[in-house]
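Going in written order, the chains are labelled A, B and C, and every chain counts its residues from 1.
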Amino acid sequence: MIEVKNLTKSLPNGRMLLDGISFKVKKGEFVGILGPSGAGKTLTLRCLNGLLKPDKGEVIIQDENGKGHDICKINKRELRRVRQRIGVIFQGYHLVKRLSALENVMIGRLGQISTARSLFYGFTDGEAAEALLALEKVKIGHLAEIKTGNLSGGEMQRVAIARAIFQLPTLLIADEPISNLDPSNAKIIMKMIKPLSATMPVVGVFHQPEMTAKYCTRVIAIKDGKVIYDGDPKLSNDMLVEIYGEELSLIEQQEHAVPAMLIN
Amino acid sequence: MNTVEITLPSKKYKRRMTIFSVSALVVAVACIYMNFNPLGFFTEFHFVRDLLGEMFMPNYRMLADNPSIAYSILQTLSMAFLGTVYGGIIAVILAFLAALNTMPYRVVRVLTSITLSLLRVIPVLVVILIFVIAVGPGVFAGMLTLVITTIGTFGKLFAEIIENTENPPGEAIYSVGASRLQVIRFSIIPQILPSLIANLLYAFDVNIRTAIGLGIFGGGGIGFQLQMAKSVLHYKDVTALISIIIVLVILAEKLSDFLRRKILGDGKLR
Amino acid sequence: MKWLEFSFKRYRKWLLPLLILAAVTEGAAIVCGATFGKLEEGLFKGISFLGFMFPPDWSAFAEMVQPAFQSIIIAFLGTVFGTLLSVIFALLAAANISNPWVRNITRLLIGLERSIPEIVILLLLIAAFGLGSMPGIIALSLGCIGMLGKLLADTIEELDPIMMESMESVGANKMQIIVFGVLPQIMPNLISYALFRFEINIRLSVILGAVGAGGVGYELDYSFGMLQYHRAFTALLVIIVMIFGTERLSYILRGKIKMEGALK
């Protein structure tokens, strides 16, 4: 379970980037965060695993033993320990390009093995076999030995998912995991992420309301650093307009709204 | 059950260890062959400490006591400057003689190209030793050396720059009946001028460093003073001279950067 | 007349710089005692002296082999230890790895080293340790720091920050990020810079040899000193072969690396 309470972050000039964001995600939920560009979605996610310290607020994450930790308050060592069990899928290319897909997957457990072993011996054969299983789960086992720099965007995103699976996380967060993929690949990725929510809370940022409507169990909309909607993934037309603004209703309403309504 | 073959980490580890041990062995053998103990620098560090003890504080008074030092700074600067100017001029001329699009006669082209390639691999040390014998030790020998090394380092490069100029304007000018010299003047020179200037400024920067080193082999200038101070064990003077050298090199670098920006705008070298 | 006016206007902005250039050249020429006529004469004397050195003393070739080999080994060891040192310095000087204070101080040291000619370092080391190959090798190693350290630090600073964050996000510590993220990514650059430096070190090893580090540079200096010019010519030929050979070798190897690095 992850609980976010009253996250607040402002610039020195007084502009509020995050303005009292609160939500709670339990195991079994796949939460999609929507919002216009610059709304503060990435900032929120970065607060979730401590890459960013909010000015105010708490982020409480339950570890594998069910004990809660406030990410914003714990020390560096503790933070590293909690992060070992947080799977992350960032937008686009965040893998080590000159390492193979398999090695990138194994990096997911770097935090969990001792420094001495990681520096001198590296990973074990058992871990490699497990990592390969993770890659096979996302259907790219045959690419295990290829350098990730040579993979396509969709394949890289699958490596990232495999890495998260291999990590045995208790929480998964994803920032725009399908943004630079073609529609069919986007669906495949969504289908791969969704089942993970059976064992852990999953929080993802998306720009595709039709996708979140179809795959997420819940949608949170953020605008100007505030949560303006939290509930059913199938958004009404009015809500979409409220999130993305008038232009959507005037020009692109059909494109975006129709699939959402169809699902309705 | 695994459908794909993967190199197991244990195998990779073995391979890594083999590569590592072999390279370590090669380095170790090389060290033993040269009778060099890499840790010697630390275990024998007291030598360095003693030296540093003798070197501090730098004795700047010597600057006042010995006017030839200030003059030697000027000598080093002049040497580097003239080496760059004369060497640069000759390098440009030779480059035109060696470039395909400016030199129609194959024989001349090939001969100049060979000369330039040879000059490029001849080490500075040889050049200075030759000039010290040919014209006697001193700044003049140092300057001649810099002329030669400047030609060597930049001649070939300049020829390449000339060859890389865009042809179309040249051909267009030919087609209205321009002579070869006119093409060089109106098409090629404007194209190569910026990179020539940038490279010559860089050459000055390099030549300052070389000029300092040359002093030690009879090229005069501040390097010579350094060698003298060292050989009579005046280490406090050595420190002062080294600090002057550092300032000199940094200033030369800044100056050449400044001029490059001033003349060419914020573009990068080349 | 019109022609003259036009021309003058056109070249006016070059006039002052050219005048300054001419004046400085004149001044420098006075300091160096180098008029244009004397310049020509000096160059001619140098070239004719080269003719006087001809032919090489063929019998001395055998004596040159070992010193040449020693020079190469000195350059090799200098490059190996220098590269290792440079990597450490580069890591300390990279803003995304080290802390601001350490970074700035290391950058300062790197800049300082870059402005001391290798030969000066060698003179000092000889003053401390006496003649021999040891000061030569150490001088070459230290000499690498200024160039390789800076180039590598810049390379590291250009690494994708998202890649580093994503490793941080799985709980990896600094050392692990360096070994699994930074080093694999900079390896092609590292090797090609090191090869480039090896070329420079070969040239330097000749010069340093003459000052007392041994090797073929010493043979050259010695032959000159003993007025055995034909023997000196032999040394010159050996040196040229050495420089030319390493240049080719490094060129080929760097080409290979570029090919491999092309598909990142």
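By our rule, contacts are C-beta pairs under 8 Å (C-beta built on N, C-alpha and C of every residue); 3 or more make two chains touch, one makes a residue touch a chain.
All values reported here derive from a predicted model rather than from experimental measurement.
Peer 1: Based on which chains are in contact, what kind of graph results: line, ring, star, complete or other?
Peer 2: Per interface graph, the chains form a complete graph.
Peer 1: Which one chain sits nearest the middle, judging by mean Cα positions?
Peer 2: C
Peer 1: Once you find the CA centre of subunit A and the CA centre of subunit C, what distance in Å lies between them?
Peer 2: Averaging C-alpha atoms per chain gives centres 48 Å apart.
Peer 1: When the centre of a chain is set as the mean of its C-alpha atoms, what distance in Å lies between subunit B and subunit C?
Peer 2: From the centre of subunit B to the centre of subunit C is 7 Å.
Peer 1: Quick check: how many Å separate the C-alpha centres of subunit A and subunit B?
Peer 2: 52
Peer 1: Given the complex with subunit C, which residues does subunit A contribute to the contact?
Peer 2: Listed in rising order, the residues of subunit A that touch subunit C are 49, 51, 80-84, 86-88, 90, 92-99, 103, 107-112, 115, 118-119, 147, 149-150, 163, 167.
Peer 1: Across the complex, what residues on subunit C touch subunit B?
Peer 2: Counting only subunit C, the residues touching subunit B are 21, 24-25, 27-29, 31-34, 38-39, 42-43, 45-46, 48-50, 53, 70, 73-74, 76-77, 80-81, 111-112, 115-120, 123-124, 127-129, 132-134, 137-138, 203, 206-207, 210-211, 217, 220-221, 224, 232, 236, 239-240, 243-244, 247.
Peer 1: Under the touch definition given earlier, write down the residues of subunit C that touch subunit A in their complex.
Peer 2: Residues 160, 162-163, 165-173, 175-176, 179-181, 184-185, 187-188, 263-264.
Peer 1: Which part of subunit B faces subunit A closely enough to touch in the complex?
Peer 2: 2-10, 12-13
Peer 1: In the complex, go through subunit B and note every residue touching subunit C.
Peer 2: Listed in rising order, the residues of subunit B that touch subunit C are 27, 30-31, 33-38, 40-41, 44, 47-48, 50-51, 74-75, 77-79, 81-82, 85-86, 118, 121-127, 129-131, 133-135, 138-144, 147-148, 209-210, 212-213, 216-217, 223, 226-227, 230, 235, 238, 242, 245-246, 249-250, 253.
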